[in-house]
Each structure stands twice: as structure tokens, then as C-alpha cells.
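The same chain A turns up in both complexes below, where it pairs with chain B and then with chain C.
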Partner chain A sequence: MATVGRALLILALAVAAYGIFASIYGARSGRTQWIVSGRRAVYAIAALVTGAFAILEVAFLRSDFTFATVAAHSSTTTPAFYRAAAAWSSQEGSLLLWLWLLSLWASLVLFLTRRTLRRVAPYATAVLLGLAAFFAGLLVFLETPFGLSPIVPLEGNGLNPLLRHPSMMIHPPMLYSGYTLFAIPFAFAIGALITRQVGAADWIRSTRRFALGAWFFLGIGILLGARWSYAELGWGGYWAWDPVENASLLPWLTGTAFLHSIMLQEKRGMLRIWNVSLVLATGILAVLGTFLVRSGILDSIHAFGASTLGVPFVILIGLLVASSIGLVVWRREALRSENKLDSPLSREAVFLANNLVLVAMAFVVFWGTFWPLIAEAFTGTRRALGPPWFDRYTVPLAIVLVLLSGIGPVIAWRRATAANARRNFVVPGLVALGAGALLAVSGAADKPLALAMFVCGAFVVASVGQEFWRGVGVRRAMTGEGPLGALVSLVARNRRRYGGYLVHVGMALLFVGVAASTAFDAARDIRMAPGQTTRVAGYDFTYVKPTSKISTTTDGELEKISFGAIVDVHRDGRKITTLRPERGYFPSRDIEGLGAIGRFFEGEATSEVGLKAGMRRDLWTAMTPDIRALLPAIRQGDRVFEAAAGKLTPQTQARALGAALTGLVNRYSADPPPATFRVIASPLVSWIWLGAIVVFIGALIAMWPGGDAARRRVTAGYAARVSKDLARDDLARV
Partner chain B sequence: MEVGSLLIILVVLCAVVALLYGPLRARGAAPRDESADRVAELEARKEAKYREIRDAQMDMRTGKLSEQDFRILDRQLRAEAMEILRALDEEPGHAVADHRLG
Partner chain C sequence: MQPARKRKIRLVVALSAAVLLACALVVTSLGASREVVTPSELATAQAGVAYQLTGKVQEGSLRSSGSGVDFLVRDRDGTKAVPVAYTGAIPDAFREGREVIITVRKQADTFVGERDSLITKCPSKFTEDATQRS
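Coming up: the complex of A and B.
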């Protein structure tokens, strides 16, 4: 089936090339049948790539090692659950995933807009097909997922143990859904610029939901990555300003700015150049994000020139940047704003400030991420900027951002008078100040930036709460509904508004969690023997006893050997919880180099953290056992098996190996050496995940389709009133 | 190459050609409906304007706009909405498009 898979990709590339021609020819000649044919090319690519992806997935699930990529990234000992996800752990599999998601999303948007956007859509189709052709070209010529193994191995290399985490099943598809969905507003913006339709409300209406979807999926992907880092990487943090993390944050930041500023264009015809620049930048940053994640350019700068993907990606990104700038300059006349800012005391002004802060954050992240390249270009020395550098700039900007997200909901469009502003800001302001005073006397005053974030977070919750309260009050007065019914119908009839407000609350909770957990966490690295205790933030962590186990797959193959610890946590003599951190050792296939026994201890290793999560505080620990005490026995076992090589039947050898490993594991439990623990007590980490859930619920409400019946009735009501006014106006003229 | 694989590839190729060639078999070039584009654009503008009017009403009811400020703003927004409706009425394809979009 590898041949079929490869043929499907070659066909997809050819169809993409044809579709680009058909769409542009149709748009320029006005021949709609060519435009339709171009649109069908997108559907055809979606079907072809779905077929190719299915072939690859089946190969992974069946552990078909005739596929070189399956042999390199999976094994029979990899659980089936993770074999399905192993496809996108490889370079070629992840590129195929990108192309597949792009083709699906592009098909969906082109199907939905098939009767509208007739001038813009053909050019957008050509842009989307151009991106599809680029990725199909990479998969056909440089990184094929359907390459065959020169010699079919009996066993594959296996999935990187670090990726064996449930969130890693979902994290890459979420990120790539975000990236590929951002390609859609990008493509439509290019089409709108070419056809001078950039001020049109129609393409904004059609693509806004896709931009929100991109933001939603990318956000989920980022959060899942943070959760994986917290639970799997064994360092206790969730964000390290790593280039790959930053790569996903960049388009999310500019996308957030776009989702706010596009409202100004939709309502007031303002900020057209800004909006189109933002959406183009977001699309390009999404491609850049894919490039950074897959190329490893910032980890290995000197490999850049030799990378098979580096040059094509740089050419693509260069082309996208040059054509975007060229189009904006070319169409600058059509991009003039219809209106100007009425007042600095208005929601428009707050949105503008919010945009400036978000873009400033994106610039800081971009600069910090690419600093190693910049530094090397000028000084010849690569120097990375660490978290303190990023924190220095992003923390104050984040505080301002949270403050603005509290002001936005309670300030009027166009112009807010001082009296109205007073009426709306008094309660949230008092709540925020009260919370600040309370926290300051509770010890938060030592960390002024964290305290500022708490005050701003309280302000957001209070201002949004006040909005809901008043909205429900208005609804009840109008309809006589009960409080809950009024709340539900208020949100259902104003999904964008109240969904957006919920997003603000979620972001405030998330930022409060980040501020608290970074400013007030307590951590200690300590070596302990069983029976020893260490105290962190008033909690006593006692290493009670070691644990050890051998895990096997359902086929009876050894998957990993784990050494762990039982850690009891007490506070003031009262037992709080028991934590069970572990270190898992996955066998290497290098029997000759590492030895028959040694290969089980010197391959990849992962941490399973011991975690007691709570709304007030997380108690977290990871451990690294000192297996040096086992090394003499491991080496002796290696020598014994080496000497017996060829003299034992495979069954006898397997039994002997099992007995040797069981003996080693029991020996560790019976005579445990000291282990190194990282122990952390960190407040409000759960608020980050809770805030994220609130954000995503709010986003779902805001982008939920429909309400059509309700909207039609309301619209019809307004139409009747406006038409009546219009008729009266006409009569007066007569 | 296996015969089965070759057959699958040929079937897929034929299906793709049929899918792409289908619209091209239609005789004559269907004219692009410029009026429908303008109607769709005006409908989008109308929807945005109505949303703005509703937002202003909500702002007034929840105390973000005074009664007096709201009246001025509402009058202005309705005038803009009327302009859009007037432009829509001038479009020959309005009724058809309105039916479709509604």
C-alpha cells in the first residue's frame, strides 16, 4: 500500500497545481466553471490526502515495518493507543497531518462560501492550494512517509517515551488545526486585497468564525503542551519560553489581536491596514511555527543549511512576507479607514490599546526566540535568552492586558462619558482594591507584580460579573423570566458578547494562576534515603519506601522497568496525601553496545510525577533513582549473557533474562539506594487549567453557529423599524 | 508494482479527473453574477449595522450609555442602516439573495 500512498500524494500535488491554474484563470476570465473546478480541486485533495493518511495510520496500527517511518517511530511494544499517534511524531507524518488538516478545513470553508464571496474566493482557493502544493511537494520530493525499509526489521525503534502521554495524542492535531485554520483568513485576506474587497464586510463575516476556530484549537494545543510539560518532563514547570513553545504562542497572540480589532472594522470600518496586516502576519507566523517545530533550526543552527526542509521553508516564508507587504502597499488606497476614533474613552480605544499590547508581546516573544540567530549573525556566537529575559517584558505587558480585558466589557462603544464611566467602574474598582488590600496584608505585598496581577484579575471578574448581573436584570425586567432562565437566554441571544466576556474571565483566572505559581512557589532538590523527610512551604515530604515494577505489553513484551517511591506528605502532623513518583526506563535496541541487561537501564527514561492537585496548592514531586548501586550486577549479567550467546535456546535465554531483571528489580526494592527528589509546593496552578476551561467554554459559546431563527426574528423586527423610518423619510421628502 | 495497487491508483485517477472535469463540460461560460456579490456584501453590512444598534441598546440598558447619548447614537446608526437598505433595494437581485441568505 506504500505505492498507493505515494501515488495519492503525487496526484494531490498535481491536482493542487491544476487547481491554482483553474482558480486564477476562472477569476481573471470570469468563467465560473473553471472557478468551480478549482474549488473541486480542494475537495479532491482532501479526499486524496485522507486516503494517504489512512494508509499511514493503518501501517502504524499494524506495526508494518516495511514502512521506514513506522520502523523508525513505532514498535510492537508501543501500546496501540500511542501507535495511532506515532504517525505525527515523525517529520513526514506531521507534514502529512498538516496537509490533511489544511485540505479538510479549506474544503469546509470553500463549501460554506460557495455561493458568496464570488470575487474573493477563487484567489483564496489559489492561495490555499499553493500552501497545499508546498506541503505535498515536501512529502513527494523530500520527506516521504511512504519510503520503504531497505531491510524489514523484526522490531521498530519505538515511540519516544516522552511522547507517551495522553495529551500528546491530541496536542499536535490541535496545534496543527490552529495553524491550518489561520491559513484560511490569511488566504481570504490575500483574495480581498487582490480584488480590492478588503473593506468588505462579507469576507470578514465568512472568515471570522474560522479565525476564532483557529484561535480556539491553537489555544487548546498550547495548554495541552503546558500540561504535558508539567506532568511529564519532571522539572515542575509548565512554560519554559522554549522556541517550540514560543512558535505556537506567536500566531496565537497576533490572532487574539486580530479577533479584537476586526470588530472595529466590522462596526466602524476602522483599522483596515492594521487588520489585514495582522491577519497576514498571523498566517505567516503559523507557517513559521510549523517550520520551527519541525526543523529544530534554533537547537541546531549550523544544521540549518543542511536541513532538507530549511531552504524550501525559508523560500516559502520569504515569498509570503514579500507578497503580503507588496499587496498591502499596492492596495493602500482601498485600505483607508472610514472612521476615526471618536474618543480615547471608548471601547474602540481599549481595543486599540489591547492590540498594541498583544503585538508588543508578540514582538518580545519573536525577538527572544530568534535572538540566538540574530546574535550569531552579528557576533558569531549563539546566545539564548532565558526565562528571566522574557519575564522582564511579558509580565508587565500581561498585567496591562488583563486590566484592559476588564475595562473593555464595561466601557461603551464610540464615546463614554465620565458619568457613565464612574457608574460602571465603581463596583469593579472597589472589588479590585479590596482584594488587593486583603492580599497585601496577607503577604502578597512582597511580590508587587503578582499583587498587581491579582488586583487586575479581581477587577476583570468583578466587571464581567457586573455585566452579567445587569444583563440578567434587564432581561428579567423585559420578559419576567427567572434568574437562571434570564441568564441562559441572555447568553444565547448575545453569544459573541457574553462568550467573549467569559473568555476574559478565564484569561484572568489563568494569569492569576501563572502569577501565583511563579511568584510564590517553593521548590527543593534533595537526595533522600527511605525514612528521611524534607520540609517545603510548611509541608513535610517523607520518603517512605521505594517501589519497582516491570511493565509488559499485552503481547508479554517488556515495555519498561520503573523505580519509584512512596512519599507521604504531612502538615502540622496531619497527613495530607501520599505521592507516588516514578522513573521509567525503556529498553534500548542497542544490545551489542549496552549489553543484554544494560540496554534495559540505559535507554530512554521518563518521569511520572507524583501530584496532588488542589484549588489552593499543588504538591508535586519527581524522583530520579540512583541506579549506580545496581551497575556491578548489571555488568556481571551482561558478561554472563555475552558468554552464553549462541549456547542457549531463545526460550531459555528469554527466561534467564526475565529472571535476571526480576532479581535486579527486587534487589532495588530490598536494598534501596538514596534517590534525588525535586519537591514543589506551588499555589493556584489548578487555576491555570480551570481558567483555560472557562476560556474554551466562552470561545465555544462565541463561535457556536446558528441562533438563526432568533436572529431572523430580531433582524426582521429591526428591518421593519428601519424600513418604516426609511418610508417616513421618503414621505417627508415627497 | 502490484496489480491491485495499480488498479486502485487508476480508479482514483479517473474519479479525480471526473470530479475536476465535470464543471468544465457545462456549455458556455455562466456569467458571474456581480449583483449577487454586491447584495451579499450589503447583507453583511446590514447585519453588522443591526448588531451595532443592538449593542448600543444593550449598552444603554446596562448603564454604559446615557439615554441622551443613546438617542444620538441610535439615530446615527439607523440612518446608516437606512442607507444600506436603500442600496439593497436598488439591487435587482436583492429579493433572490435575501431569500437565499435569510
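Coming up: the complex of A and C.
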């Protein structure tokens, strides 16, 4: 089947090459049949790559070790769910996933636009096929997922235990969906530039939902990575400014910027050069993100140790950058804005400021990420920047961003008046100041940046809450519905607007959680024996007793040996919770040269965090047992089994091994050595995950298909009502 | 004012702001960044200066010390190794033979790791020839 898979990829490459020619020739000559043929090439590639991906998946599910990648990344003892997901834990599998997702999304957008955008679509098709050809080329010539094992092993290496976590399995497809979906607006922007259609808003309308989808999936991917890091890794953090994390953040930031600025182009014909530049930059940054993970060019916790992909990616990115800049310069006359900014106190100006802040953040992150290469180019030595440098710039920018996300929804278009300001900003302003004063006297004044973020967060929640309140009031007055019914129909009739507002509230909650958990967390690393207690942020963590267990797979194979602890947490003498951190030792895959018992302690080790999450505070602990005390017994056991090699039947050997391991585990529990604990009490971490859920619900509402006509009706009705209110205010003032 | 002249002034202001920001970034980046070095490049290390050290944890060198660990970091493709004393969070994937990145400062004959600066490269992303060999 490997040969069939490889043949499908070669065929996909050939079809992509043909499709590029057909699309461009069709567009230049005006022959529709060639354009249709180019589009069908995309569908064909989707079918071919689906076939190739299915072959790889079946190989993983069947543990077919004739495939070298299956032998290297899976095993018969890996649970079925993780076997299916192990396909993209490899370099070649993840590139195939990229190509597969790109082909599916490209097919969807080209199908949906088959009767519209007749001039732009053929060039967009060629661009999408160009990207598909690039990845198909990598998979055919450099990193094939269908390579054969030189000697077929009886058992594979298995999926790394650290990755055996549901969120880690969903994280890559989410990120890749985000990256590949951002290729859609990129391709259509190129098409619009070539055909001088860039001023029109129809290509933006047609691809807006894909851009929002990209933003949505990339955001979920980033959040899942952060959540996995916090709940699964033994360091207690969720963001480390690692180059690969940064690489995923870059297109998300510029994507957020253009999702806002395209509204100005749609409504007022403004910022065309800016918009198209942002769309192009986002598409290129999405490819750059893939490049950073895949090339190992920067020292990262994620980077591959060695890779042959650096040069092709540099060529691709260089080509994309040069052609994007060239096209924008070439079409600069067609990109002139229809309207100018009427006032710095207007929604347009706030959108522009929001864009500048987001782009500045993206620039800072880009600069810090690539600083090692920049410094090497200019000074001859590689230099790296740590998290404090990133925090210095991104924290103030994030505060301004949150503030703007509260102002944007309520400030008037074109020019805000004093009446508009009074009507929209007095209540949110008072709420924010009140919250700030309360928090300042409660001790938050020690951390001014965090306090500023809390004030801005309160302002956003109040201003968006006020919008919902008014909207519900208008609907109730118009239709006589109950409050809940009015709220539901308000949102349903203008999903894009109210979905967007929910996203703003979610982001405010998320940023408040980040500010609180970084400014006010308390952490301690301490070595404790059973019975000992340590105090962190007023909480007493007591190591009560050790735990130990042997876990087996459903096939009866030993999966891991775990040593853990029962930790009671008290505050002012009152018991709060019991935490159960553990460290699991997975047997080494390399059985050569290791003892029969020793190999169970020479493989990967993973932490199971003890976590009590709460809306006010998370209590978090991870532990590392000191297993040195067991080493003499382990070595002695190894010697015994070595001496008995060949004298025992496999069944007897397995029974003896089980008994020896049980004895070791019991010995640890009976006479536990001290263990090293990391203990953290961190406020409002749950707000980050809660905020993310609100963001994604809001984005789903905004993305949901349909409702445009209803939206226009309700917008007109609402605008009339607001105008009436404003006129009444003005009259009252006179 | 003529619209063209207005545009020019706006462009100059925007470009000046961009240049100023770039200068600020360069200055703070130079001041805040640490030289990325391999163990053999630490031979000329100055005491008290922070370096970002990358290399592999030498087999058989890992020892526990109080609430921290001591180990040797050697060149990725060589034998030169330096002693490192570290206290702080230890990544799950950390073990002998693994590639690590750690911020260190020279103190007497050893290099003291900055608290919580130790990271171990994600083993899932390693290719066989580059990492499993040690």
C-alpha cells in the first residue's frame, strides 16, 4: 500500500502542476473550460491526498510496521485513538496533514465561489495549487510518509508518552487548519491584485468566513497547546515565548487585525492597501509558522533536531514576500481609499488604532523570535531574548488593545459627538473606575500594569454589557418578547456583530486571567518527606503519604510505573482539597543493554499534575520522586534476571518480573524517600480558559452561515431607533 | 495645505516613528539578549555574564543535589563538556542524552543555571539520527 500512497502523491503533484497551467491559461485566454478544469484539479488533489492520508491512517491503525514512519512513531501497545493521531506526530505525517487540509479547504472555497468571482478565482486557484504543489513536492522528494522499513520490526517505538493527551492530539490539526485556512484569503488577495479587483469588497465577503475560520482554529490550537502545557507538563506555565509558540501567534495577530480592518473596507472603502498587505502578510506568516516548526532554524523546545526542509521553505517564503510586495506596488493606484478618516474620535480611528497595536505586537513578537538570526547577521554571534523582553513590549500593548476593544463597539462611526460619548462611555467608565478603586485598595495597586488590565477588562465587560442591555431593550420594545427571547433573537438577527462583542468580552476575561496569574502567582520548589508542610500564598501544602502503582494496557502489557503523593491543602486550619500529583515511568523502547527491571526506569517519564482549579485561584503541584533509593534493588534485580536468562520459560519470566516490580513499588510506599515538589498558587488561571471558551462561542456565532438579510433589516431598525434616541438627547440638551 | 504635501508629511512622521521604534528595539534587544553558545564556546566565558547554553546532557553525569540537579552539558557533535548546577522546574522530558537549552552564569569552575530556565527539546519532534544517538 505504501507504493499506492506514494503514487497518489506523485499524481497529486502532477495534477497540481497541470492545474496551475490550466487556471492561468484559462484566465489569460478567457476560455472558461480551462478555468473549470483548473478548479477540478483542486478537487482531484483533495481526492488523491485523502486517499494517501487514508492509507497512512490505516497503516497506523493496523500497526503496519512495513511503513518506516509507523514503526518510528507508533506501536501495537499504543491505544487506538493515539495510533490514529500518531500519524501527524512525525515530520512527514504532519506535512501530509497540511497538504490534505489545504486541499479540502481550497476545494470548499472554490466550490462555494464557482459562480462568483469569475475573474479572481482562477488566479486564486493557481496560488492554492502552487502551495499544494510545494507541499506535495516536499512529500514526494524530501520527506515521504510512505518510506519502507529496511527491516520490518516486530514492534514499533510507540508514541511519545508526553503526547498521549487528548488536547495534544487535537492541537496540531487545529493549528494546521488555521494555517491552511489563512492561505484562502491570501490566494484571493493575490487574484484580486492581479485582476485589479482589489477595491471591490466581494472577494473579501467571500473569503471573510474562511479568514474567521482560520482565526478560530488557530486560536483553539494555541489555547489547547497552552492548556496542555499547564495541565500536563511539570512547570506550571502556559506560555513561554518559545519560537514555535510565537510562530503560531504571529498570523493570529495579523489575522485579528485584518478581520477588523476589512470592515472599514466593506463599509467605507478605506484602508485598501493596508488590508491587502495584512491579508498577504498573514498568509506568509502562516507558511513561516510551518517553516519554523519544520526547519529547526531557531533553537526551540519544539524544533526538529535535523531537517532538510530549510532551503525549500526559504525559497517559497522569499517568493511569496517578493511577489506580494511587487503586486501591491504594481496595483497601488487601484488601492486608493474611497474615503478619508473624518475624525480621530470615530470608530474608524479606533479600528485603525487597534490595527496598529496588533501589528506592533506582531512586529515585536517577530523581532524577538528572529533576533538570534538578526543578531548573528549583524554582530556575528547568535543572541537570544528571554520572556522579560517580550513582556516589556507586549504587556502595555495588550492593555491598550483591551481598552480599544471596549471603545470600538460603542463609539460612533465617522465622528463621535459629546452626546455620543456621554451616552456610551459614562456607565462603562464609572464601572471600570469603581472596579479599579476597589482592586487598588485590595492590594492590586502594587502591580500597576495588572491593575490597568483589570480596569480595562471591567470597561470592556461594562461597555459590551451595555450594548446587549440596550439591544435587548430595543427588541423588547419592538416585539414584546421576554428578556431571554429578546436576547436570543437579538444575537440571532445580527450574529456577526454580537458574536464579535462576545469575542471582545472573552478576550478581556482571558487577558485579566493572564495579568492576575502572572502578577500575583506564588511558586515554590521544595524537597519534602511525608509529614512535612510548606506554605505558599497562605495555603499549607502537606505531603501526607506516597502512592505507587503499576498500570497495564488493555492487552495486559505493563504501560507505566507511577510514584506519587497525597498532598493535603489547608488554609487557616481548614482543609481545602487533596491533590494527587504523580510521576509515571514508561519502559524504555530500547531493550538492548538495559536490565530487565532497569529498563522500566530508563524510558520517558511524565508528570501528572495535582490541580484544584477554581474561579478565584488554582492550587497546582507536580512532584519528582527521588528513586535513587531504589537503584540498589533495581541493579540487584537486573543481575538476578541476567543470571537466569534462558533458564526460565517466558511465562515464568513474566510472572517473576511482575513480582519483582510489585515488590519495588511496595518498597517505595513502605519506605518513601523525600520527593521534590513544585507548588503553585495562582489566581484567576481559570479565567483564561473561560475567556477562551467565550471567545470561541462568540466566533462560532459570528461565523454561523446565513442571516445576512435579517441582519440588514435589524441593523436598519436598530439604527433608526438609536438615531431617534440621539435626536431626543440632542433636543433635551437644547 | 496641499493633499500631496499632507500625505508626504504623514509618511515622514510614520517612517520616523517606525525608525524610532526599530532603534528602541535594537538597543533593548542588544542589552537584554544573551549570547547563544555551545559548551566549547564557554571556554572564554566571563564570570557573572549570562549565556544561553545549548548542548546535550552527558550520559552518566546527572546527580541530584538538594532541591536541584548537577550535570554535564556537552557539544551536540563533540566531546567538550561543562558542569552545570541547576535549581528550578525540571521538564518531564529532561534526562541524560537529551538536548537542552539553559541560561547559565559562570561561578568559579561551574556554570550556575538560572532558575526555571532549563528546557528540553520536545522529543516528539526529534529525528532519529539527530537525537536518539548520544
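Quick note on the criterion: the second predicted complex is superposed on the first by the 696 of 734 C-alpha atoms of A that agree within 3 Å, B and C clash if a C-alpha of one lies under 4 Å from a C-alpha of the other, contacts with A are read in each partner's own complex, and residues count from 1 in each chain.
By our rule, contacts are C-beta pairs under 8 Å (C-beta built on N, C-alpha and C of every residue); 3 or more make two chains touch, one makes a residue touch a chain.
Just so we're clear, the structure is a prediction, and the values are computed from it rather than from any experiment.
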item: Clash-or-fit label for the pair chain B, chain C on chain A; value: fit
item: Touched partner set for A:30, first chain B, second chain C, both or neither; value: first
item: Touching partner for A:3 - first (chain B), second (chain C), both, neither; value: first
item: Touching partner for A:553 - first (chain B), second (chain C), both, neither; value: neither
item: Contacts of A:624 with chain B and chain C, given as first, second, both or neither; value: second
item: Touched partner set for A:91, first chain B, second chain C, both or neither; value: second
item: Which of chain B and chain C A:233 touches, first, second, both or neither; value: second
item: Contacts of A:43 with chain B and chain C, given as first, second, both or neither; value: first
item: Partner chain in contact with A:323 - chain B first, chain C second, else both or neither; value: neither
item: Shortest CA-CA distance between chain B and chain C [superposed frame, angstrom]; value: 23
item: Chain C-contacting residues of chain A that also contact chain B; value: none
item: Footprint of chain B on chain A - complex, ascending; value: 1, 3-4, 7-8, 11, 15, 18-19, 22, 29-34, 36-37, 40-41, 43-44, 48, 51, 115-119, 197, 200-202, 204-205, 266-267, 410-417, 419-420, 423-424, 467, 470-471, 474, 494, 497, 712, 714-715, 718-719, 721-723, 725-726, 729
item: Residues of chain C touching chain A in the complex; value: 21, 25, 28-30, 32-36, 52, 54, 64, 66-67, 87-93, 95, 99, 101, 103, 116-117, 119-131
item: Complex contacts: residues of chain A adjacent to chain C; value: 72, 89, 91, 159-160, 162-163, 233-236, 240, 242, 293, 299-307, 360, 363-364, 367-368, 371-372, 374-375, 381-386, 388-389, 392, 525-527, 604-607, 624, 626, 628, 676, 678
item: Footprint of chain A on chain B - complex, ascending; value: 1-2, 5, 8-9, 12-13, 16, 19-24, 26, 29-33, 36-37, 40-41, 43-45, 47-48, 50-56, 58-59, 61-66, 69, 73, 78, 81-82, 85-86, 100, 102
